[in-house]
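For clarity, chains are labelled A, B and C in written order, and residue numbers in each chain start from 1.
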Amino acid sequence: MLTPADLGAIWLTLKLAGVTTLLLLLIGTPIAWWLARTRSWWKGPVGAVVALPIVLPPTVLGFYLLLLMGPNGPVGRFTEWAGIGLLPFSFGGLVVASVFYSMPFVVQPIQNAFEAIGDGPLEAAATLRASPLDAFFSVAVPLARPGFLTATILGFAHTVGEFGVVLMIGGNIPDKTRVVSVLIYDHVEALEYAQAHVLAGGMVVFAFLVLLALYLLNPTGRKRR
Amino acid sequence: MKRIAFVLGLLWSAATLADDVQVAVAANFTAPAKQIAEGFEKETGHKARLSFGATGKFYAQVKNGAPFEVLLSADDSTPARLEAEGAALAGTRFTYATGRLVLWSSKPGYVDDKGGVLKMGGFKHIAIANPKLAPYGAAAVEALTSLKLLDVIQPRFVQGENIAQTHQFIATGNAELGFVALSQVMKDGKVGAGSAWVVPATLHQPIKQDAVILDKGKGKPAAQAWMEYLKGDKAKAMIRSFGYEI
Amino acid sequence: MSIRARFQLSYPGFSLDVDLDLPGSGVTALFGQSGCGKTTLLRCMAGLERGAGRLDVNGEAWQDDSRFVPTHQRPLGYVFQDARLFAHLDVARNLDYGRRRTASADSLRRDPIVDLLGLGPLLDRMPARLSGGEQQRVAIARALLTSPRLLLMDEPLASLDHARKQEFLPWLERLRDELDIPLIYVSHAPDEVARLADHIVVMEAGRAVAQGPLAETLARIDLPIKLGEDAGAVFAASVAERDAEWHLARVEFDGGELWVRDSGVPVGREVRVRVLARDVSIANSRHDDVSIMNLLPATVVAHAAEDHPSQVLVQLRVGSTLLLGRLTRRSAQRLDLAPGREVWVQIKAVALIG
């Protein structure tokens, strides 16, 4: 039922989503922490930039990434200077794009969880000799566990469902940038509806399971808040 | 509520009373179609409502009840198929333009006028439209096959979903060069920017773009008028100025 | 040994400006209405709030013009109003949280503190499954286990109902009597202060309006804030005799003796006695034909107007102990209670508090 091309695309998609989610947890957690704790004027603008991908059509993001990461764009110039080469049409490029694209889905749940914790437990930790970094790992992170869980699931799922951005900067290269959503698009465009159904149906089931897991693992509203 | 319904009703009858035609236009034909529509409206008093997109998508939409009355396809097989399936009116099909393939780079002097750059290599990415979906992509593959370069060059393919996106890859410099439609890089009768090699038509099957009246255009004078205008000399001149042959 | 605290801090609509010299041992109450700045002052001392000023704790500078020791480097214990146990850790791990983070040389063994606060049966419970009083006991134990050199408590009883409060107070007294750590205790409840504190700082609108030893300060009639029904004297006494027949106990204090309800305190034990002003009446001569048992000769020291124009607060000296009595202005005039006048006080009720 699944062709090697399909399997390649599925594997690539999972790899992309996995790497992206991991990076996002690393990058997104400090951002979420800062957003949750800061009283700076910059909170608004930074929060808005992080949330942009929720509002923007993915093609806008993809278009600008294509320009920025291209040989005439600042990012492209930098990556070429750094010896990485250009990012479009590469797996690394997709990862960079996906990190931007899925950022709000990781940052916001973690930020909300940090905000829900409030100052209380952290002040308590400080009076118990925990340095701010220590308190972050020993108190804030464990207390924000549901937020991290939501962030991980949403970040992964949203990257799997990514299409417009990949389309714009991917170049549809088998095993490098041809992810499932693009392949479905190709199947549909080529009128190969049977093959499209297998993958599209799979995506529907996947999305359902992800959301189901989210609700089961994280019964928000019943326990917290 | 009643008043709103009345106003909506008025608008609706106004829209249907005016003679307009819904045309689905292949993305590569966007610019000429706009110009033709202007002339068409001026000459006939009808109104042309143009939608631009991928031919494959139009096919799926037409089969699922989209309100298009005329299709200007990027190929000749889709109109034939629609006709065979009874979704288009038999006998209305004709070739309105034949596309020319061009190897293009946004860098001046990068592509020589014999296409020698293909043999020399030295590029990392070459953009083509998805050959499965786009006639220009299929023609590019044919041309490379004729030149016996396909195996060498294929690993460097980056594919746009259509030639518009392919053009974008090249225009932004992310791909050093690529195959697009001559109509995309023509400006005032010559290649506007960068460097190009017009691929000889002998290297690939002609890229015939056919038009056809769809089921929904049956008995609509505006659809008929559009087809007539498209066949006329004025339209042909416009089409040629955009780099198509006819 | 002393705690020197000088802080200035202002927010829109509030400013704190205090300069205090507090004893380096015993219990000091920061007392005042809600919003008077007592919690803010406590937070400044903990370094949770950064006001300008300086803080020296028994010879160590925690804050001055050039340094601000961050909270986690101050050897203090802090008990919050709302306990703030870590919800993701059970009681044992909550207790160990601070203990593990204090220098191992003087880190305490857990058991004595667990025993002192009766936490043995709770060790493997999660905080969500503890009552308010249990949570506060855990919070106190958790703070104590960091071997603090200063203990700060922010109304630890505020979130408890009356019954829990009564159940909890003895734990606090035990703490005060068995541990030699200076405790600064924020409260707006006069009975708590009377029971626990040795020293009191009365705060109003961000300023310390009165301070001093508890007995002396509570017996002042010129306190800038009116305690109303809670006005009264607190002083030390010792149990001298228990009368089995009448279930009464006789306590002796500096100036005389009082009969009180026998609450089982053994003879010889030091106790704290509280006499509310509203329970004191004054006569020009001794009357034995009344139901009141406790009659003491006293000298009028001073009097002051109360909030209500009909009332007056009279300060009296019995031996070297000061008492407060509240009566109507008319009675005061009729009895001619000028300073220096010898009178008899009749005490309707006496409370042994700890």
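Observations on the model:
In this text, a residue touches a chain if its C-beta (ideal position, glycine included) is under 8 Å from a C-beta of that chain, and two chains touch if they have at least 3 such contacts.
If you're wondering where the values come from, they're calculated on a predicted model, not measured in any experiment.
When each chain is reduced to the mean of its CA atoms, the one lying nearest the mean of all protein CA atoms is A.
Taking each chain's centre as the mean of its CA atoms, C is the chain most distant from chain B. Annotation: 88 Å between the Cα-based centres of chain B and chain C.
Centroid to centroid, with C-alpha atoms defining each point, chain A and chain C lie 55 Å apart. Centre-to-centre separation of chain A and chain B, using mean CA positions: 36 Å. Taken in their complex, chain A has these residues touching chain B: 63, 66-67, 69-73, 76, 85-86, 88-89, 167-169, 171-173, 185-186, 188-191. Against chain C, the residues of chain A that register as touching in their complex are 120-121, 123-132, 134-135, 138-139, 142-143, 145.
Across the complex, chain C meets chain A through its residues 46-48, 70-73, 76-78, 80, 82, 84-88, 97-98, 101-102, 142-143, 146.
If you check the complex, the residues on chain B that touch chain A are 54, 56-57, 59-60, 124-125, 127, 130, 132-133, 157-161, 165, 168-169, 172-175.
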